[in-house]
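Both complexes below contain chain A, partnered by chain B and then by chain C.
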Partner chain A sequence: MDQALLLLLDAANYVLVIVLVAMGLVIVFGLMRVINMAHGELFLLGAYTLVMLQQAGVSYWLGLVAATVFVGLVGLLMEELVIRHIYHRFLDTILATWGLSIAIKQAVVLIFGPGAQSTTAPFTAQIDLFGTPYPAYRLFIMGVALLVVGGTFYLFFRTRFGLAARAVIANRNTAACLGIPTRAFDRATFAYGAALAGLAGAVMAPIMSVDPQMGLGFLIPAFLAILVGGAGHLGGPVLGAGLIGATDSVTASLWSPVLAQVVVFTMAVVAIRLFPGGLLKSGGRR
Partner chain B sequence: MSRLGFLRDRRTAVDVAVWGGLAALPLFMGAWQVGQIAQYLTYGIFAMSLALIWGQCGLLSFGHAVFFGLGAYAMSLTTLGMLPGLEGRTSSYLGVVLALLLPALIANVLGRFLFYGRGLQGAQLAIVMLAVAVIAERIMTRWSYAGGMNGLMSVPPVNLGAFGFTYDLYDPLPLFYGTLVAAVLVYVLLESLVRSRRGVVLRALGADEARTGFLGHDTRALKLAVFTLSAAVAGFAGALFASQFGFVSPPLIGFGLSTEVLIWVALGGRRALITAFLGAIVVRLAENALGDLLGPAWLLGLGLLFVLCMIFLPRGLLGEAYWRLIGGAGGR
Partner chain C sequence: MMPKATVLEIDGLESGYGGSLVLRGLSFAVAEGESVALLGRNGMGKTTLLRAIMGLLPARRGEVRFAGQRLDGRRPEQIAKAGIAFVPQGREIFADLSVEENLLLGAMGRAGLGAAVPEEIYGRFPILKERRRQRGGTLSGGQQQQLAIGRALAGRPRLLLLDEPSEGLQPSIVQEVAKALRREVSAEGLTLITVEQNVDLALRVADRCLFLENGDLVAEAPSAVLRQNPALLHKHLAI
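On to the complex of A and B.
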């Protein structure tokens, strides 16, 4: 029983982090039709910013905020310098962000070396959950992810900003004709998506090995989650990440991590075939 | 002039110059360098296979090395006599056939799933292939039958034997010319497809799939066929590489090489096979000359150059020159 509860908590943890990463991807894709291959490296930058600040003696909490803001600014810079020029050429945006991901990863290797860094969580207490001790920090991560996902939904579905953003997603030209500054929305969403990746990297840094390759391990499940859940709706990645993360965690603990990847991947490909628009299709129109 | 009239087609003139120039290279180079270039020729074949799907049909794959690696492993397992039930059959010909068929089969199955759905329009192949590459590399790292993390060592060279007579392609010069002939054959095969009427349809498909479909072409079947052909060619390149290099290991099937080939093709020029082929060779030569000097900064510079190229020169560095040279006709 304890074992099952632990498995459930670990799965929930993994799912929520993937949702956090996938959310940023899907917002950028929905608004700008840009698939950001450098998203994993933004995650990486978030983690390194936190590690670096903590090593310099800055408190964890300030580091968390600084990492989010810094990566958001990096996203803004990426949008201004690169994406803006090519966002009408769909495949080239994938490649250009891909080139950026190589450059960022290599810059990190140059500055910090290829080895792994580590940092400590602000609290290491164990909390008693139904008689099973569980690290409080992992519960904190889940809380942050839930908060951010909830906040994003609130932002997009309950505010005027969200209404305008969804108008741009639905029809860019009509939105522009109605006086919505679509360029400003592009910048804002790209920076927001990047900041989400930075936040995810920063909260995950204390519980994983921080090395230049860490981004890819989260980028791929996030992409598969979007493919399974559908990119047409913000709920898509939540559903997709739930399925992907749960399958992965359960298979990994029952058999092996490599087999888990194969199972998850097969599931994703079959889902693409059976539900071409994703499990959660947005009202039919795209 | 009448005899050389075919050179008036500038594309053909470029072809003759490139292949003729390559054939003359051993006159100016030492044996070691010739062997090195022979290896880059296999990368060039690999690059052509990617340029076929990407430059012509707009199918972007982030995991093309999967097919290269499958070909390399198929060739190695065969010539090392490790195939279950076929231990005695170590013929290079059998190896090449398997290196063509296995990647083609996998590509065909994947294509059947991917091309018949349309989730993230145009991008799902890229992303799914990225995942395939990462998973394939992990599997090969764990799979002790295929050497696991250490890979397979002492893969024998290609044996051109037939009817009891054997000849190993091992010395640099025969190896170079043997690989060059293979590259020319692949080029002629693929280029004749590109220049045929079907090639026009492929480019139409890359430009606008829906409209090509309205004109009565079965775009999904076409994509599937080209993807399968491209995988077979990549597998062939992998087979040649494995028997030249004498060693295969999981990085060959994975994500790193998939990235590299994308960069070669993008910098060289994806729109024409010949520029993609040259891109692979030129980038590898440059890496050889500058890699030690710059260390990790080389890859940083390459990544940034790649981004700049995507923004300002989507035809690639060599591709832009080629485009001007042939007068903007045909070679799109």
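On to the complex of A and C.
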């Protein structure tokens, strides 16, 4: 029973971490049609910002907010300097953001060195869940992920801002002709996606080795989650992350991590073959 | 009738797509509260003219002045904020959004995120109130045209640009649309520029008709004159 519960918690934790990392990617890819290869580096910047601020004596909580805001600003800068010139040039967005990813990663290596940094969680207690002790910080991460998903859905589907952002995405010229400032919404949407990557990085930093490669391990499952679930709707990647994360962590703990990779990729290939537009294919998106 | 002040003035406007010039130094003026129809065969530059006024196409030369401001070179959202609304050909409603959200976007674009759908829009198009929770894409063609016009009016524009409002509509619906538009002009003082293939609708809605040929104005006449003298109409349209 304890084993089963622990397995379930670990699976849920992994799923939610992927969702947390994927959410920013999804907004930028699903809504703006930009594959942001530098998303992992934004995640990295979030983690390093937190580490740096904590080493300077700033509290974890302030560091978390600062990392989110800082990476959001980096996203704003990226959009203004690079991305806005290459919207609708699909391949160019991949190349340009890949270039940015290399530049950011090397800048981090130059400043902090290639070695790993570490930081501590603000609380290290174990919480007793039905007789099984579980790290409270992991529960906190799961809570943050749920908040991010809920908040993002709320922002895009329940607010005036979200309505206007969706209108800009659905038909740019028509939105502009109604007087909606399309550029402002491009900037805001991209910066929001980047800020989520920063938040994810900062939240994950205390339980990971913070090094220049840390973004990669989550970027691949995050992209897979988008491919499997479909990017046309914000719910698609959440579903995809659920499938991939659960399969991966259950297979890994029952058999082996290597088999888990094989199973996950096989599942992704089958899912993409059967549902090329993703499991939650959207209707009518252009 | 007192002559009203000019609200829109186009002066030597040149515009086009890529390397080709469609509008060749066109000039005309529209008075506040006037309804003008742009007539002409296909490919003569009518749609291009509306798109150039709206800022969707750059003006290569010439000026667009609206209510004393230069609009050429401005972006569509700035032009919309200045008080011009555009209902494009094919209507371009947001198919995935509800009727109410479509109207709300029209109001928000002009007045900011806090805006509400003006109640008079539902008064004018009761079917939109009935269907306000429905997705825009599920409406019939005539209802979509009402939605597109309602969405444009929700921003309370001074000037409305309409591209082929009768396209794909049954004759009875065309009559209804014509009546609604005429009412906006006479009762609300809206200034209207309509591009139309349907001469009947154009003559009902417009005070004055302008004829375009090869990207320039070749003639103009009051609608009343054209109604009594169809031969003139046929001559200008070369049909």
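The criterion applied here is as follows: the second predicted complex is superposed on the first by the 283 of 286 C-alpha atoms of A that agree within 3 Å, B and C clash if a C-alpha of one lies under 4 Å from a C-alpha of the other, contacts with A are read in each partner's own complex, and residues count from 1 in each chain.
Following the convention adopted for this analysis, a contact is a pair of C-beta atoms (placed from the backbone, for glycine too) under 8 Å apart; a residue touches a chain by one contact, two chains touch by 3 or more.
Please read these numbers as outputs of a predicted model, since none were measured by experiment.
By the touch criterion stated above, A:Q55 is placed in contact with neither chain B nor chain C.
Judged by the touch definition given at the top, the superposed model places A:F29 against chain B, while chain C stays out of reach. After overlaying the two complexes on the shared chain, residue contacts for A:T124 are found with neither chain B nor chain C.
Greater residue coverage of chain A by touch, when chain B is weighed against chain C, goes to B.
By the touch criterion stated above, A:S209 is placed in contact with neither chain B nor chain C. Once the two complexes are overlaid on the shared chain, A:F161 sits against chain C while remaining clear of chain B. With both structures placed on the common chain, the touch criterion links A:A176 to chain C but leaves chain B unconnected. No residue of chain A lies at the contact with chain B in one complex and also at the contact with chain C in the other. Residues 29, 35, 82, 85-86, 89-92, 94-96, 98-103, 106-107, 109-110, 216, 220, 223-224, 226-227, 230-231, 258, 261-262, 265, 268-270, 272-278 of chain A touch chain B in their complex. The touching residues of chain B, when paired with chain A in their complex, are 58, 60, 62, 110, 113-114, 116-124, 126-128, 130-132, 134-135, 138-139, 142, 255, 259, 262-263, 266, 296-297, 299-300, 302-304, 306-307, 310-311, 314.
Residues 54, 56, 75-77, 80-81, 85-86, 88, 92, 94-97, 101, 104-106, 108-110, 113-114, 137, 151-152, 155 of chain C touch chain A in their complex. Contact residues on chain A toward chain C in their complex (touch as defined above): 160-161, 163-164, 166-167, 170-171, 173-182, 283-285.
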